[in-house]
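Below: a set of structures, written as structure tokens.
Same chain, two partners: chain A is paired with chain B first, then with chain C.
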Partner chain A sequence: MESAISSILFYVFAVAAVLCAFGVVAFRNPVSSAMNMALCFGFTAAVYFGMGAQFLGIVQLIVYAGAILVLFLFIIMMLDVKAEEHARRSFPLACIAVIIAGIFAGFVTKVAISLPGATSGECPALVLCESIGDLAPGAVEQDTAAKNHTPYGAAMPELSPAAAAIELGADEATAAKATAFPDTKLLGKSLFTKYNIPFVILSFALLAGTVGAVALGRKLRKN
Partner chain B sequence: MNTILQWCDAVLSNEIWFYLLTTVLKLVLIFAVILAFVVLSVWIERRVAGWIQDRPGPNRAGIPLFLLKRFGSKEKQPLKNILHFFGIPEDCWIARLCKWLRLEGEIPTFGLMQPCLDGGKLFLKQELTPKYVRKVYFTIAPMLVLGPPMVAAAVIPFASTVNTCYGEISMCVANLGIGPLWIFAISGLSVYGLSLAGWSSNSKYPFLGGLRASAQLISYEVAMGLSIIPLLMMFGTLNLQDIVQYQATNGWTLLPFWGEGLTIQRWAMYAPIAISFVIFVTCVFAEANRTPFDMAECETDLVGGYHTEYSSMKFASFFMGEYAAMVIGSALVVTLFFGGWSIGFGADAALSAWCEWVAVLCQFLMFLIKLVAFIFFFVWVRWTLPRFRWDQVMKLGWLVFLEVAVANIFLAAAILYYIQ
Partner chain C sequence: MTPLAHYLIFSGILFSIGLAGVIIRKNIIVVFMCLEMMLSAANISLVAFSRAQGVNGIPVYDAQVLALFIVAIAAAEVAIGLALIVAMFRARKSVESSTLNTLKD
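Showing the complex of A and B:
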């Protein structure tokens, strides 16, 4: 029952998000487009929540809907909205946009279709492990636990809230009570250990953006 | 009768139904509390303002006794008649108590009826929508201001957990693992209401008000988020129910006088926590758009700010939204810094061991008392400090609070690492 509800909600939110994304392009009024984008972010966050990724969902809301889009709106409101509403769209520009969007959609579809288990609707990681176990009997031990091995032969970590809690240093008694994945902690741990260098490099990119904005602002003020 | 009881038992034994029913009950309760507190805080605001400015404030709106014809009008001394009606002698302790409470005239409500009558007045006023506004956004803007604080209240725990024979009830509508972030995210969305109201009014002063609101809210959200990181480092969790439980056992964050919170590390942590508290509370003021930070509606330079063009209940929605944001802000400050529902003096565990329901009731009352105290503080500040200038607000947010909050994180980390 629970999984039925969550899959129904997933489709509702996903369809709503896609419709809002269409609205962003379809509306003539830039403020309406921006508000549609905000709704789209909200529905995407709802999809994250449905998957149990609460932290990602809330970050989506705080960063995109709460900050970035408000700044968008801030700029749009200073435009002459009436002029934008009556502006005509050029046909060649639309064609180029459609081609780029089509290529991107094609990429995503290709990746989704070529994932293992895409046709049967199973978890890609599990299917991959099973097939490796079948194809190369010498590489992985042929026991009942073959499923629990990654393609590289290492033991795959157990996926359960309790196991995740133990990995983060909780004791057995508290871990046994865990019902949801400690997603904030897991995300933080992987960001600051495994993916620390890309994380730091990305923040330098943001810093560069900030410094650039300050430099531009300074120059304008002098003139 | 037995069949009904059996049916109730069957319904409650079903896990999903039990969860649904308790959640709906908690939802109704928290919603009622927030709305009641919106009304109550309007009253507190006006009474305290009167008190600070040495005038009575609204104290006249009472329940007029002439409605109760039997006991006569104010001049005819209704108290005497009532006492006579019940056959109570005029010099007994009940009569003296009534006189001490100044009950001779009319039923005293201490002006508590004033917000209700104000609400009625605003309902009945003519609603005027100017022709030049953008209707759709003009209509949804007040909803976008009033809605988010109500949704944000879902994660605030108002009592501890109760074990019933059907299962455990956690006294908090949504026991999410991301409590404070949920409140930041949802109450951050009310900026849409303010800026859309300003823009859709299609006139100069509201527009400036909307721009100021969005700039101010975004600036202070950054410092607000960074300021509570030292606390989260200490708690080690983002779940508000766990945070309050931690404070109930280890002493309140800002008053660690009881429980197991008297270690050296905890006292050393007091410095970063105090800094966090100052920054966080100031940011809550800014987020709730209250004086000294009410730049978006400051009447000296913007007429009425973003709600200049609004009238009747739409205006009242902005008003209520502001007070709801204040209530949620106070609730969050109480939850993070003053132990939330925790009774203190080490009484929580003992009371829970004695009777869980009594404990929960006491904790709920304690939470409300703390909430009222903090709302009083909000009002006190409003009527004491003058309004900042716009550039001062921005400077304070970006040049002082942001830097201090970041430095504070490193200070807290150093203390947690070096002092064991």
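Showing the complex of A and C:
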């Protein structure tokens, strides 16, 4: 019952997000486009929540729908951009864009529904291992790892709070009582141990971005 | 639960709408918004793969960390991109991409 509801909610939010994305492209007024983009990001965050990635959902809301959107609206207001009054969008260009985007969407759909495990229920990695044989180094290891994976066509695996608690260092008895899935804890563990150095480098990228924005945005002196 | 393929199709549709927007729209600010939408669409497929590849009920968190990095880089990119748009507006008095034709003429 619960999974049926989450499944229905995914389709509702996905359709709403796609409609809002259409709105971003279709509206002539940039402010309407920005508002549609905020809604689109909100629905995307809802899809993240449905997938059990609560932390990324909140980050999506705070960073995209909060910070980035406000920056966009700020620039639109500051530059006092008018809506495109007359239809200057050329029809051939729109046709080309729709054809390219349609080809891309069709290609992605084709690939997604014809993933090796989608119909047979087999894992793609396993199929690959069997076709290569035991020539590749570490093929046995891949084979066992692949058997633990779910096939792509089947429903996604359920999250297991008990396994997550053991991963975080709890003993068996406490882990068995765990009810909520500690998404943020696990993400933080991965971020601050395995990916600690990239995380620090990322902060330099943000600093460079800030300095660059100030340098580009200042008034040029005429001399 | 919904199969992985549906998440991937959703992500692909969102990406292609963004792509169409980048090609169609003349207003640079809206083009930039569509670029952000494409980044966000790529994030959806990363998170979906992270969930689907999970072993023993724990998602693969490498993909989610990557998605987090993409969000942070997107924030830095927006700051620089909007500064460039402001600089362009100062130079051209317009945000239409059709006014950027110095090399063409």
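Basically, the second predicted complex is superposed on the first by the 129 of 223 C-alpha atoms of A that agree within 3 Å, B and C clash if a C-alpha of one lies under 4 Å from a C-alpha of the other, contacts with A are read in each partner's own complex, and residues count from 1 in each chain.
We adopt the following convention: contacts are C-beta pairs under 8 Å (C-beta built on N, C-alpha and C of every residue); 3 or more make two chains touch, one makes a residue touch a chain.
Fair warning: this is a prediction, and the values are worked out from it, not measured in the lab.
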| item | value |
| --- | --- |
| Touch count on chain A, higher of chain B and chain C | C |
| Partner chain(s) touched by A:10 [first = chain B, second = chain C, both, neither] | second |
| Which of chain B and chain C A:41 touches, first, second, both or neither | second |
| Touched partner set for A:94, first chain B, second chain C, both or neither | second |
| Touched partner set for A:73, first chain B, second chain C, both or neither | first |
| First, second, both or neither for A:200, with chain B first and chain C second | neither |
| Partner chain(s) touched by A:65 [first = chain B, second = chain C, both, neither] | first |
| Common interface residues of chain A - those touching chain B in one complex and chain C in the other | 55, 59, 67, 71 |
| Residues of chain A that touch chain B when the two form their complex | 1, 31, 35, 38, 54-55, 58-59, 61-62, 65-67, 70-71, 73-74, 77, 180, 182-184 |
| Chain A - residues contacting chain C, complex | 3, 6-7, 10-11, 14, 17-18, 21-22, 24-25, 30, 33-34, 37, 40-41, 44, 47-48, 51-53, 55-56, 59-60, 63-64, 67-68, 71-72, 75-76, 78-79, 81, 84, 88-89, 93-94, 96-98, 100-102, 104-105, 107-109, 111-113, 115, 118, 145, 148-150, 152-160, 162-164, 167, 186-187, 189-191, 194-195, 198-199, 202, 205-206, 208-210, 212-217, 219-220 |
| In the complex with chain A, residue positions of chain C that touch it | 1-21, 23-27, 29-30, 32-34, 36-37, 40, 43-44, 47-48, 50-59, 61-62, 64-65, 67-69, 71-80, 82-87, 89-90, 95, 98 |
| Contact set on chain B toward chain A in their complex | 16, 137, 176-178, 181-182, 184-186, 188-189, 191-192, 195-196, 198-199, 207, 210-211, 214-215, 217-218, 221, 225, 238 |
